[in-house]
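Common to both upcoming complexes is subunit A, partnered first by subunit B, then by subunit C.
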Partner chain A sequence: MLELCAVTAGYDRARPVVRDVSLRVEAGEAVGLLGPSGCGKSTLARVAALLHRPDAGTVVLDGRPVSGYRHRATPAERTAYGVVFQQPRLSADPRLRLADLITEPLRATGRRTEAPTRLAELAPTVGLSSDLLSRRPHEVSDGQLQRACLARALVLRPRWLICDEMTAMLDASTTAALVAVVEDYRRESGAGLLAVGHDRVLLERWCDRTVGWGELGSSGAGG
Partner chain B sequence: MAETAETVQAPRKTAAGTPAATHWHQRPARRGGTRTRALRVRTSAVLVAAVVLAVLVVPLLFPLDQQAVDLAAKLRAPSLSHPFGTDDVGRDLLLRCVYGLRVSLLVGVVAALVATVIGTAVGALAGALGGWADRAVMRVVDLFSSVPHLLLGIFIVAMFRPGVWPVIISVALTHWLSTARIVRAEVLSLRSRPYIDAAVSGGASRWRVAVRHLLPGVLPQAGLAAVLMVPHAIWHESALSFLGLGLPAHEASLGNMVNSARSSLLAGDWWPTLFPGLFIIVPTLAIAGLAGVWRERINPRRRSELML
Partner chain C sequence: MTTPPAPPAAPVLSVRDLSVRFRMRGGRHVAAVTDVSFDLAPGQCLALVGESGCGKSVLASALLGLLPGNAQTAGTAHLDGTELLTASERELSRSVRGRRIGLVPQSPAAHLTPVRTVRAQLEETVRELTGTPKHALRAAAEQAAARAAFPADHLDRHPHELSGGLAQRAATALALVGDAPLLLADEPTTGLDRDLVDRTVDELRRHIDAPGGTGGVGTGGVGTPGDTGGVGRALLMITHDLAAAERIADRVAVMYAGRIVELAEAADFFGAPGPRHPYARGLLDALPDRAFTPIPGMPPELGDLPPGCAFAARCDRATDRCTSVVPALTDGAACHHPPGTPGEPVAAVREGAAGA
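Presenting the complex of A and B:
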């Protein structure tokens, strides 16, 4: 279970973007978070993924409050999440070839030896051919790069997936393909999902339940 | 956002249904700019190559006794036997210029490297740690910057005996500040990118994030700062020697030579001042020219500030 308890977060203590928000995702559940642009839902997703320290409130992961955020969280806590961001261009290190990009978390956690096998499993799953794997991010399209970013998020077999506007930059067929990959992974592994987006139709088709930003008791809307 | 970009870029269909001829990625032609730049690159490259070759080869072919004087031949105007003339104690200026340039280049390159290493380390540390550590480090940088470089350099040099190493230390310790600022700004901008978030989420330690993702991103900027620093360091070495604080007076150094030429310049002998002066200016401009082209490569939008 992933629980956000009374989270207040932002980039300036005087003007928090997210105010007193609570959200709960059961194990294996897919929750869609709907909200207009700029309302703070990405910030909430970053808090949920332990990438941003909230000003107040806690994140409870499987019944235990997390030990910290960013590097203060233990590697085990951080790698419990697979995170996919909105803009693949910015979320890929421009110097890494796609193959290295996907397997970088394995090297970072000292599981280098698993890299070739995981890559061989994941590349066909997300639909990346072997010639694409040897290219660098500027040599592939946004859609192809987002496929690689999704593969990177799955490479450590996370128990939670946080998809922050994962498909906002993509065309319909790539969107469908990536959502299918996420759903296949969840069916196989039982991972929970927090999908953040503004596309009501997509999130309602994709997720078990969707929550509107307004229902979360936040007063930071429109900020 | 992607959709709007696509509709803007999509080829317009003509009435017949064939795509109209469109050129999307054509850059606007720069009038004359490319040719001038090519000329600048070529001239700079040839000059730098000639300088490096000269300081490597000439000392092997023509050894110089730094202390030898020939008072019978003092202050000869440039001629075939002495192309740059002789100084006030009859030493050949051409040979001393080349030897002086060798010392200047050595000081310039080593000092620039040391300063870049210090600046990159300090800047990266400040940027990566953030918070109060960042503020403390940057206040120290401000403190050092508030003292004029040369004054601080003189202070450092004055603590040691004259020689090459005190000059290198002095120049390095006064020149890392701008590199630290540049690297810190670059690290701050890289640090907030989502790919750093992705690395953190992938279990990367602080050290791994810094070494694998942040440092490679700042290296081009740091390298450029290093190259741009070489001319500065050469000027500083000359200035310190000119003030009599750099290398020992008998040693061939461009600053020493300009300094000792002051009296003869008043008597109308121009060559002991002109040629060492040219040896300071021309190589430094050539190095700066090459560095400027590199800067254009890295950051084409800042073209107007480049000319040095």
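Presenting the complex of A and C:
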């Protein structure tokens, strides 16, 4: 279970963008978090993924409060997550070929020997040909790069997926394809999902339940 | 250009067999746009839809004369008597961009000058495009902001102090200053949330429905060339957002691998009888409020297109003919097996489909 307990977070302590918000995602559950742009939902997603230290409140991961955020999180905590961001261009190292981009988490965790096998499994799953795998980000389209970013998020077999507006830049067919990849992975692995977005139709179709930003209060909307 | 509205209004923009090739290293060519033809009448919105990398934005750049140096163009694009593809840079910059084609950009926050206030940018644009005298500039800029529903109390802000929606309105206000008969919107809603998308396209629709040359901006030098003569503007909207296209468009052009594969009335396309080209059908079926199933496979590389129909590799009805002959756009669809032909699913026959 992934629990956010009374989280207050932001970039200026005097003006937090997330105030006293609680949210719970059960193991294997898919929760959609719906809100307008600028409401703070991406900040909350970053806290949930341990990428942003909240001013107050805690994140409880599988029953234990996390030990820290960003580099202070333990390797086991960090690798429990796969994260996909809205803009693939900003979340991909322009120097890496897609094959290296996808397997970077394996190298970072000292498991580089698994790279060829995992790459061979994941590339067809996300629909990347070997020709595309040898290219660098500027040589592929947004949709193709987001496919690689999704593969990178799955490469460590995370128990939790955080998708922050994963499909906002993509056309309808690529959106449907990437959501299908996430759902196939969840069915096979039992991973939980927090999908953040502003498209109600998409999140309601995709997730088990959808929570509106306005419904999140101190009492918690997780249930 | 000031003829009163007559039933089949003369098109504002008439594109015929437009092709764009990029010369690459090693003598390779990338066929970004191939044989595109369409007409766009005043008061009409044509939505050009397709996935990223299909050539939509290259088409827009070609119309504005903003292609990079390694591009070669063929075909014609007439804008009210001017041939855009062969026009000189001098003519494009002095009489076309901003004056006869208003560009509503993708990512307005990046389009605006970051170090200057919205007011400064509007005043400069009004001065350059309408010749409004200095003492009237302030009022004219405020009027220009009001046309795009940009709040006057935000005029002294810099772009980074604006929300996505307000930045979009500021960019739209700039695009409208010149009273151009053609508006070109390149992915104007990318990254905006649904409410903002609806508001943005509704506002764009309002600007094409409104009679052109509405007195426009400022007190001096208005109603000048570029007056659309009370017929309304034409809008070419490039988007991958089908919901936005459905909300605003009169006609829809679907682009795939650089070609227009379907050109249809929006009501027919989104309602009954639906799209005729299998790619367009797949695109609609991928929507979360429809089947939510992706089209299998990925589009071909524009630098390495197959000899026949570019969609054949992903199409469940492809035959030998599909993989060897490029289908022509006939009766609104470029397909060897459109619905209604023997052995194919039947669709209602449409008379006088909006073909090219």
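As a convention for this text, the second predicted complex is superposed on the first by the 217 of 223 C-alpha atoms of A that agree within 3 Å, B and C clash if a C-alpha of one lies under 4 Å from a C-alpha of the other, contacts with A are read in each partner's own complex, and residues count from 1 in each chain.
Convention: contacts are C-beta pairs under 8 Å (C-beta built on N, C-alpha and C of every residue); 3 or more make two chains touch, one makes a residue touch a chain.
Since the model is a prediction, treat every value here as computed from it, not as a measurement.
Q: Tell me the contact category for A:Leu170 with respect to subunit B and subunit C: first, second, both or neither.
A: Both: A:Leu170 reaches subunit B and subunit C.
Q: Using the superposition on chain A described above, determine whether A:Asp142 touches subunit B (first), subunit C (second), both, or neither.
A: both
Q: Where does A:Val179 make contact in the superposed view: on subunit B (first), on subunit C (second), on both, or on neither?
A: The second partner, subunit C, only.
Q: According to the stated criteria, A:Thr58 is in contact with first (subunit B), second (subunit C), both, or neither; which is it?
A: Neither partner.
Q: When the two structures are overlaid on chain A, which partner does A:Ser189 contact: first (subunit B), second (subunit C), both, or neither?
A: Touch partners of A:Ser189: none, neither subunit B nor subunit C.
Q: Go through the superposed model and pick first if A:Leu90 touches only subunit B, second if only subunit C, both, or neither.
A: first
Q: Report for A:Thr125: first if it touches subunit B alone, second if subunit C alone, otherwise both or neither.
A: Touch status of A:Thr125: no partner.
Q: State whether A:Arg46 touches subunit B only (first), subunit C only (second), both chains, or neither.
A: Only subunit B is touched by A:Arg46; subunit C is not.
Q: Mind sorting out which residues of subunit A both subunit B and subunit C touch, each in its own complex?
A: 142, 168-171
Q: Contact residues on subunit A for subunit B in the complex?
A: That would be residues 46, 49-51, 70-71, 75, 78-79, 81-83, 85, 87, 90-93, 95, 104-105, 108-109, 142, 149, 152-153, 155-156, 168-171 of subunit A.
Q: What part of subunit B is in contact with subunit A in the complex they form?
A: Its residues touching subunit A are 1-2, 193-195, 197-206, 208, 212-213, 216-217.
Q: Hey, which residues of subunit C end up touching subunit A in the complex?
A: 50-53, 163-164, 190-196, 240, 242, 282-284, 286-289, 292-295, 297-298
Q: In the complex of these two chains, what residues of subunit A are touching subunit C?
A: 36-38, 86, 127, 129, 141-144, 168-177, 179-180, 198-202, 204-206
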